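Pasting the structures here.
Two complexes are shown next, each including chain A; its partner changes from chain B in the first to chain C in the second.
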Partner chain A sequence: MVDMTQLLQSLVNGVGVGLIYGLVGIGFCVIYNASGIVNFAQGVFVMLGGMVCHTLLTRLGLPIYLAAILTIPIVALSGILIEIAVVRPMWNRGAALFAIILATLATQLMIERITILTLGDQPRSFDEFTSGGPLKIGDIAIGYQIFWILGCGALMVGLLWLFFTRTTAGRALRACSQNREAAALLGIPVSRMLMLSFALSAALGAVAGILVTPTQVTAYNVGTPFGVNGFIAAIIGGFGSAAGALAGGVLLGVLQAVAIVMFGAGFKNVAALSVLLLVLFIFPAGIFAGLQGGKAH
Partner chain B sequence: MTSRATTFTRRVATTAAPVALVLVVLLLALNSNGYVVTIVGFAAIYGIFCTGLNFFMGYTGQASFGQNAFAALGGYGTAILTATYYWDPVAAFFVSMIFAGIVAAIIGYPTLKLRGHYLAMATFALGLITYEISIEWIDLTQGYMGYSGIPPLGVFGFELATEKQQLVALALLLLLGVWISTRLRDSRFGRALRSIAGSEPAAQALGVNVARYKLAAFVIAAMYASAAGSLFAHFVGFISPEVFGAAMVIQSFTMLFLGGIGTTWGPVIGALIVSMLPEVLRGMHLKELQDVAYCIILVSILIFAPKGIFALIGEGVAAITRRRATETAPSAAAAQAAG
Partner chain C sequence: MAAETTPLLEAQDLSAFYGRVHALKPTSLTVGEGELVTVLGPNGAGKTTMLRAMTRLTPASGRIFFKGRDITALATHDRARAGIIMVQEGRGLFGQMTVHENLTLGAYTMDASETVEERIASVFTLFPRLKERYEQIASSLSGGEQQMLAIGRALMAKPKLLMLDEPSLGLAPRVASEILETLGQLNRQGLGILLVEQKAPLALRLAKRVYILSLGGIVAELPANEIKSHHDLSRYYLH
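For the complex of A and B:
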């Protein structure tokens, strides 16, 4: 019989990691809405977020808040590089959809290998942002990092909402997502918007990576699981709505946590991937399809 | 209609030349040291894998990022049946292949209803699931440690003891695989597949059962992949989850796109060139650096030559034959341009 405390504990952990999946999922949606491209290298930003932050912490001895704030633009730059060097040339030549997907997949493998060559292949981690904890409610322990994830997740969604509704660039991005030709006719530089979406999406991934690393370890190969789980979160949310992706992420995180309690940690990725296939087969428009009122905000 | 004579010359140009190339490479390899034999052997195995993948991605125009799943089924099927249960390699080969085909049919049925990036992600997930299972189901697959002690390829008790004997067998199987691919490409079946690549609604309107043909191409690709996995297991004598990981997907796509997707001989030539790359990149001792080189090559091909180098040569040859053919039969040119 499954222990009740253990189940609740894993639910708490599941919500934490699920929010991270949600952030990655939003990253998928930002690029997809601007361009119709699914960036299979999305998970690599999460990996880079954790790895770059760890490097800044240990090699330069920076305090965590400074390291975190510096990491975000560095990873965003990597997103811009991917856009300029890989996606834009293919986009301009009208490459087939699966050729672009393949190119982003190859880019992910390339960045992973470069990470091994420069930073090594050993897993690493850094301390939680606030020492002390965990908070005890009965027998359930809630690490302080989860509150950071909750707070920063909410902050990111709030900032994104402000960006998409209150700024010219954000509105231009939404215009691109609705109709690229019309947006171009209105004088919106569509290709620069594509670059902006990659930078934004990479920054989101970096935030997710920085937030999640203290609760587990990061290594060159964490990108694929985060990327796939983020994609699943985006699909559950109907691909396109940020709130849907976040909800999808939490749902997936909780499902995975329950799967770990039931079947052991080894098969948690198999469980998540099976959920992906089931969602694709049964609800190809997303579980929250009805809630998908406004796109990209 | 294409006249009998032009069909014959085209067949010589597109079949005899590549067959001769494969035989020349085989002869060269047989007269050199063990390292070259290994490289050419890998090229032949990957050639079989890519020829299968070409059915689904080239002829039918669909995307599968998870063919490594079926190579893993073949590889582990052969490893388990021959090393642990002492089956005859041929029996293990065919049982694994049929098993992979059945799995592909069952999984492909719902998967192939998806389109675009959903199809890409779903197939990618298939490869990841197999990879995770091959790591975690230690009782069956021996996990990370891998499966060793797989006997070399053999037929009814007669074992191909040396690598060179195995290489001859691999080359013959490769030629057989490509021959099937060539015959099917221009058959009623192959034309139906290619009509799907052209336009699904148009194919449907012409009476092609799109779903059934897609599934058939997927199953064929899976069976080729399984065969390649089994042959790899025999050739190396050892397999581990990493052999059938995401790097395999990238490598096989590099071969397919370099050689020319949708052509009959492109996958084989791509496999040969890409397998030679470690030799060219000999200065890069690290496996990681070689992987980076693969990725850069693949992305460059995708950007600058999405049809592959073989197609480029083929276009040149076609242009010459077309000039000759237009004098006798104008419609032959159209047929050639389409084919």
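For the complex of A and C:
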């Protein structure tokens, strides 16, 4: 018999981690929309978010808010470097998309190795942004960090919406996602937009990494599970749809949490992959596109 | 025959391949300042490839000069910044964006001398129907309205040369005629236009010169008003 309190507690935790998956999923969508590339180094930005923030906290002794704010542009810069050093040379030579995608996977492995060499292989964490807590509602304990994740997640989605609908660069990025040739014919530098998409995507990953690290640990190898789950979230949401990816992430996080409570921790990934297969079987274009009867936007 | 006006655009020996297919054989062409030049040719003649080569959407050998400047090495977006704007066959709209957003993106290269809204107002003067569709998603417009939007968006960039790939394709004759008349009006205001069409009596009435493209190469260049005296050409292109 499943303990209802335990189940509700897991649901709360599932929403928190699901929002992180959603942010990673949005990162996938931003690059995919601008270029058609699925960046398998996406998870590495989450890892770098946690690692860089931890390094700024411990080695430079910065306060958490300053360390967090500085981490975002630093990780965004890593996204730009990946675009310049790995993606652009292949893109400019007309390499097949699958080759570029494989190159991003190789990049993830390389960055993980570099992280081991420079920062070590030991897991690390840092304190929650707000001390005290948790907040108790009945028997359910809600850590304050969940509120940070909810608030920052909502803020990121809001800022992204403003960026894509209210700024010239955001509109240009959307234009590239819909018709790259037409965008170039209007004077939009498509390759620069690709770089911008990597920077944005990396920044999103960094925010996810900064937010999630206090609730668990970060290490050189956390990028892969976050990348895989973010990828699944994006697929569930109809690859390319930011809102869909966020909702897909929450759905995935909640289902994983429920699976752990009901069947044990070993079923976490089984649940994720089963949901993915089920969604693809019923809604091949993603659950939200399927519900709308077409492609998700 | 050389253009009477100073060449706005000069393409020299443009040549392009699709795999092993020589889609555009060495082709030279000029468009003078404020001139409207038409390129005619049947399906598969290489008209679209020629325009794509000029904008560098398709890699090509040869050289291109714009206002006397060698722009061969410039990327597509830099050629647009230089003043060459192309309206693609199929219109190339951002279908999930509104009319307003499409027009705004047309002004991506604009400087600060004029506001986007001022330019949009001038496009609406030219195509009043777009004003009624201001917040409508581009893909929901009719074919004629989409073509108006595509041209209006191109005009937002204040081009010096407007290149159009079969703007009348798929449109009702009355709408096609309306759009081509607008192009004539723009040309009379001084805009250089390179108009690619399959069969276009109206385009020939507007044009000063015409190039005939066939099997990937230019086979004739003549003043548009002389086409009637060429029995074969007039039979194919005017009827």
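The rule is simple: the second predicted complex is superposed on the first by the 280 of 297 C-alpha atoms of A that agree within 3 Å, B and C clash if a C-alpha of one lies under 4 Å from a C-alpha of the other, contacts with A are read in each partner's own complex, and residues count from 1 in each chain.
One rule holds in what follows: a residue touches a chain if its C-beta (ideal position, glycine included) is under 8 Å from a C-beta of that chain, and two chains touch if they have at least 3 such contacts.
Predicted model only: the values in this text are computed from it and were never measured.
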With both structures lined up on chain A, is it a clash or a fit for chain B and chain C? fit
When the two structures are overlaid on chain A, which partner does A:118 contact: first (chain B), second (chain C), both, or neither? neither
Using the touch definition from the top, say if A:185 reaches chain B (first), chain C (second), both or neither. second
Once the structures are superposed on A, label A:174 by its partner contacts, choosing first (chain B), second (chain C), both or neither. second
Scan A:273 for contacts with chain B and chain C and give back first, second, both or neither. first
Is A:105 touching the first partner chain B, the second partner chain C, both, or neither of them? first
Touch test for A:281: chain B only (first), chain C only (second), both, or neither? first
Decide which partner touches more residues of chain A, taking chain B and chain C as the two options. B
Once both complexes sit on top of each other, what is the least C-alpha distance from chain B to chain C, rounded to whole angstrom? 13
So the chain A residues that chain B and chain C both touch are none
Residues on chain A engaged by chain B in the complex (per definition of touch): 38, 40, 86, 89-90, 93, 95-103, 105-107, 109-110, 113-114, 116-117, 224, 228, 231, 235, 266-267, 269-270, 273-274, 276-277, 280-281, 284
Could you pull out which chain A residues touch chain C in their complex? 168, 171-172, 174-175, 178-179, 181-190, 297
Which positions of chain C touch chain A when the two form their complex? 55, 57, 75-78, 80-81, 85-86, 88, 92-97, 101, 104-106, 108-109, 153-154, 157
So in the complex, the part of chain B that touches chain A is made up of which residues? 57, 63, 65, 110-111, 113-114, 116-118, 120-122, 124-126, 128-129, 132-133, 136, 246-247, 249-250, 253, 257, 286, 288-289, 291-292, 294-296, 298-299, 302-303, 306
